[in-house]
Amino acid sequence: MSHSDLAEKFNTDFDKTTWHDESLWFVRQKRDRAVFQVEEFQELRELGSQIKDHTLSKLDYYLEQFEANAQANGVVVHWAADAHEHNQIVLDIIKKSGESCLVKSKSMLTEECHLNPFLEKNGVEVVDTDLGERIIQFLDQPPSHIVMPAIHLKKEEIGEVFHKHLGTAKGMSDPQQLTEAARQHLRQKFMAAKVALSGVNFAVAETGGIVVCTNEGNADLGIDLANVHIASMGIEKVIPTLEHLAVFTRLLARSAIGQPITSYTSHFTKPRQGTQMHVVIVDNGRTAQLGRPDFRASLKCIRCGACMNTCPVYRRSGGHSYDATVPGPIGAILSPNIDLKKHSSLPFASTLCGSCSDVCPVKIDIHVQLYKWRQIVSKSGDYSASKRLAMNVLGRVLERPQIYGRIGKVARRMLQITPHALSHAAALNPWAKARELPQPPAESFKEWYGKNRK
Amino acid sequence: MLSRQKILGQIRANKPPELPSPIVPFFNENEGKINAVEKFGEVLRFVGGSFYELPAGETNPNAWLVRELKRLFPAAKSVVSSLSLGMETQTITPETDTSVLEGIDLAVLYGEIAVAENAAIWLPEAQMPHRAVPFITQYLVLVVKKESFVRNMHEAYQLIPKQNQTYGVFISGPSKTADIEQSLVIGAHGARGLTVFVV
Amino acid sequence: MKIALFVPCYVDQFYPQVGIATLQLLEKLGCEVEFPLGQTCCGQPMANSGCEQDSVGTYHQFVRTFADYDHIVTPSGSCAYHVKKHFDIIEQTPAVRKVRENTFELIQFITDVLKVTHIGGTFAHQVGLHLSCHGQRGLHLANASEITPERGGQVSQILSTIGGLTLTNLTRNDECCGFGGSFCVTEEAVSARMGIDRLGDHLRNGTEILTGGDVSCLMHMEGIIRRQRWPIKVMHVAEILNQTLQSTTTIPKTLC
């Protein structure tokens, strides 16, 4: 289904749409307050942008540097060309360890690779340990937001899920109590698990270490108690130095949730004595995106989610309406690279208001890329043929002033004499579902000008 | 290794011409104008932590610490510390079993760097009896020396050696989550509370 | 100084009064304004729908029509932005470059080129200003709430010089209204909802007259207002300024 169909469904519940919009606007406001407290924030955005541009322009060099340093630290580095290879590598590591349970902290990459169903099919129990992730795992839903995976659910719905899966009291919906129940439940999982998987926020080339940012502490708790740590990263996660890391640690949490930094910014450089650490470096379409000059800047994304919180369309259509691993404005420019056919409606799920580009901590020109993806979609087979024809005809009319003038006059006249019920029939005219058409004036400006000025 | 060659080859074919690496300034024009300790305390309270400074005239920091800890955590049965405070109930090593770690009520550790702008404290593995301790303990106390305060992350990373790192964490406040309807809950998986003492 | 008035296609057809107000306002400010008859549209309807190639003929028609003028002024931030930003797909001849550089949104022209920042007169109403995204973030006519807590911009500045006029203090200063070109029909549900929410902010905060620099946003919101029968009147900012600026006497002729 297209974004607009799913968004229309979402909007049938007026009050829930209001609630969703306001929840995310609240996060946007927290972001504003945090950002405005840092005098040099706009300079930091520019630095973040330039560091990422530089890194992408020498990506092979920094990945090799990262690899060499990681190996010197005793880390095993794997390379995966696509999702399947990534999943197979992870499965092999787990099998070799002789374990059958994996605790996992948040990783959008593993969502992108559909790792969980693959491992489960192969007999591995996967426990997502981020609270939001655990909630949607119980519901067998994908995350609706990259930072707040369960933002689309009301606390009563979550209470119901916990009642079913964790045996909490029926009707319990207090976030404090629900979080405590999850804490107790997941502590048992942490104690038992011997293999832990995490995402990677930043991989530092000069140290060969990876950095993971969480508020809950679930990544560390899982990894620090396990014997095997697997870290999955896209090739674009590498940055050159710790000096550069300083910039991103200042940008990330402020942009994401309005916190000055995440509660835990963890630097995993060497495995704990007697344990293993693996890093899986994944391409899965990223090198293709690198080769698209108009779209390569999307690889600068640090997954803060600020563009989702500010997007007036995302707030009123929900993350699931994007039907993509990464929803919202950034998802709408990343997803067409992976599957243009499936995601052809996403570049149109925007008014091009530009707020996404304004909040982006690494200055990705998101709304410009949305416009550019539209140009590509229209040339593909996934664009409505009638719309394509209409645009072609419109173009021909608008380049010919006389024809444009005559057609305009006829159209206004038609609108004047067409009964309201017909001109405003929702089935024929989507505009009129919620809006009146403009009242057609007797004469156009051009006609008025001819009579009054020349 | 086929994929490694393939990925690196595609990057070389597709990457743009080299772009310059920017110079990252320290953003310390306000040096002197900001009281780093004061700012740190302010931000720490904002992120849900508590903050205590050694009172002026107090000559025995350890005695003060023990007094305060006993006052703040009277119920703590299992206490772990790397500070030799005399109130430790057990010794933890990297080999300690998970079942023992699970029971820790209070961990008192040294933080090496304290960052004013975000109340983050740098805790490298050398300060952890076991990597899991700062997370698995119910309550975490970090003790920071007055001279360990810096203004921002640029200054902080300047102090962290690039070589021989194993594991280290910036900790800012207690474990928290807002995954349920954006309601902030302290104590998700990690420590339920973070108290910082400045000595 | 040769000034051309560009009246965008849908303004020409549906909102001639906005074109008239713009022309009269510029004349009152001492400008001699021509309306070149070969004009049609900036090409945005096709381009924003992804069919940029179909707008190339319209771009050329636009350049042919306006290449001889020093300034091209339009009561639409969105169209001005489109000319400046998206006419980059045709060959950048001197004429194309000249047209792109010299196309101005009306208030920007008044403020930056004519250097008029005071209009005066009286308009005793509470006015809600809708900042169009293309004007605000595209042409930087107003501060964006993502970048700075300071509110302010050219339109609000000039409106604030009018006696008796109060500007509505909106809860969300610069949220998009949801028009978005073809978005308004392809994403009808979200578009309508955004418009309803935007107007809700104005209603709650006492707007009597809704204004802005982009007719497209106003057309969308007016459609909702009329459907809902909400007590808000819609006027383009040119109409307000033209109404309050009674004569040319206060403005030095030499400017134009």
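Here the chain labels run A, B and C in written order, and each chain numbers its own residues starting at 1.
Note that a residue touches a chain if its C-beta (ideal position, glycine included) is under 8 Å from a C-beta of that chain, and two chains touch if they have at least 3 such contacts.
All values reported here derive from a predicted model rather than from experimental measurement.
> Could you tell me which shape the graph of touching chains takes: line, ring, star, complete or other?
Drawn as a graph, the chains make an open path, so a line.
> If I average the Cα coordinates per chain and compare with the overall Cα mean, which chain comes out closest?
Nearest to the common C-alpha centre lies chain A.
> Using mean C-alpha positions as chain centres, tell me how far subunit A is from subunit C in Å, no decimals.
Computed value for the inter-centroid distance: 33 Å.
> Centre to centre, by mean C-alpha position, how many angstrom separate subunit A and subunit B?
29
> Where the CA atoms of subunit B average out and where those of subunit C average out, how many Å apart are those spots?
The mean C-alpha positions of subunit B and subunit C differ by 52 Å.
> For subunit B, write out the residues touching at least two other chains, lowest number first.
There are none in subunit B.
> Please output the residues of subunit C touching subunit A within their complex, sorted ascending.
Answer in residue numbers: 7, 9, 11-17, 19-20, 23, 35, 37-41, 43, 45-58, 60-61, 86, 133-134, 137-138, 144-149, 172, 175-176, 178-197, 219-220, 222-224, 226-227.
> Which subunit A residues qualify as touching subunit C in the complex?
So the residues of subunit A in touch with subunit C come to 3-4, 7-8, 10-11, 17, 21, 25, 32, 36, 42, 310, 312-313, 316-317, 347-355, 357-359, 371, 374-378, 383, 387-388, 391-392, 394-401, 404, 408, 411-412, 430-431, 433-441, 443-449, 453.
> Within their complex, state which residues of subunit A touch subunit B.
Listed in rising order, the residues of subunit A that touch subunit B are 23, 26-27, 38, 40, 43, 46-47, 50-51, 53-54, 56-60, 63-64, 79-81, 85, 129-132, 135, 148-151, 153-155, 158, 175-176, 178-180, 182-183, 186-187, 190-191, 206-207, 209, 215-218, 220-221, 224-225, 235, 240-247, 249-250, 257, 259-270, 272-273, 281, 283, 287-288, 290-291, 293, 296.
> Going by the contact rule set out above, which residues of subunit B touch subunit A in the complex?
Of all residues in subunit B, those touching subunit A are 1, 3-4, 6-8, 10-22, 24, 27, 43, 46-47, 94, 98-99, 101-102, 115, 117-120, 130-132, 134-136, 152-154, 156-158, 160, 162, 165-183, 185, 187-191.
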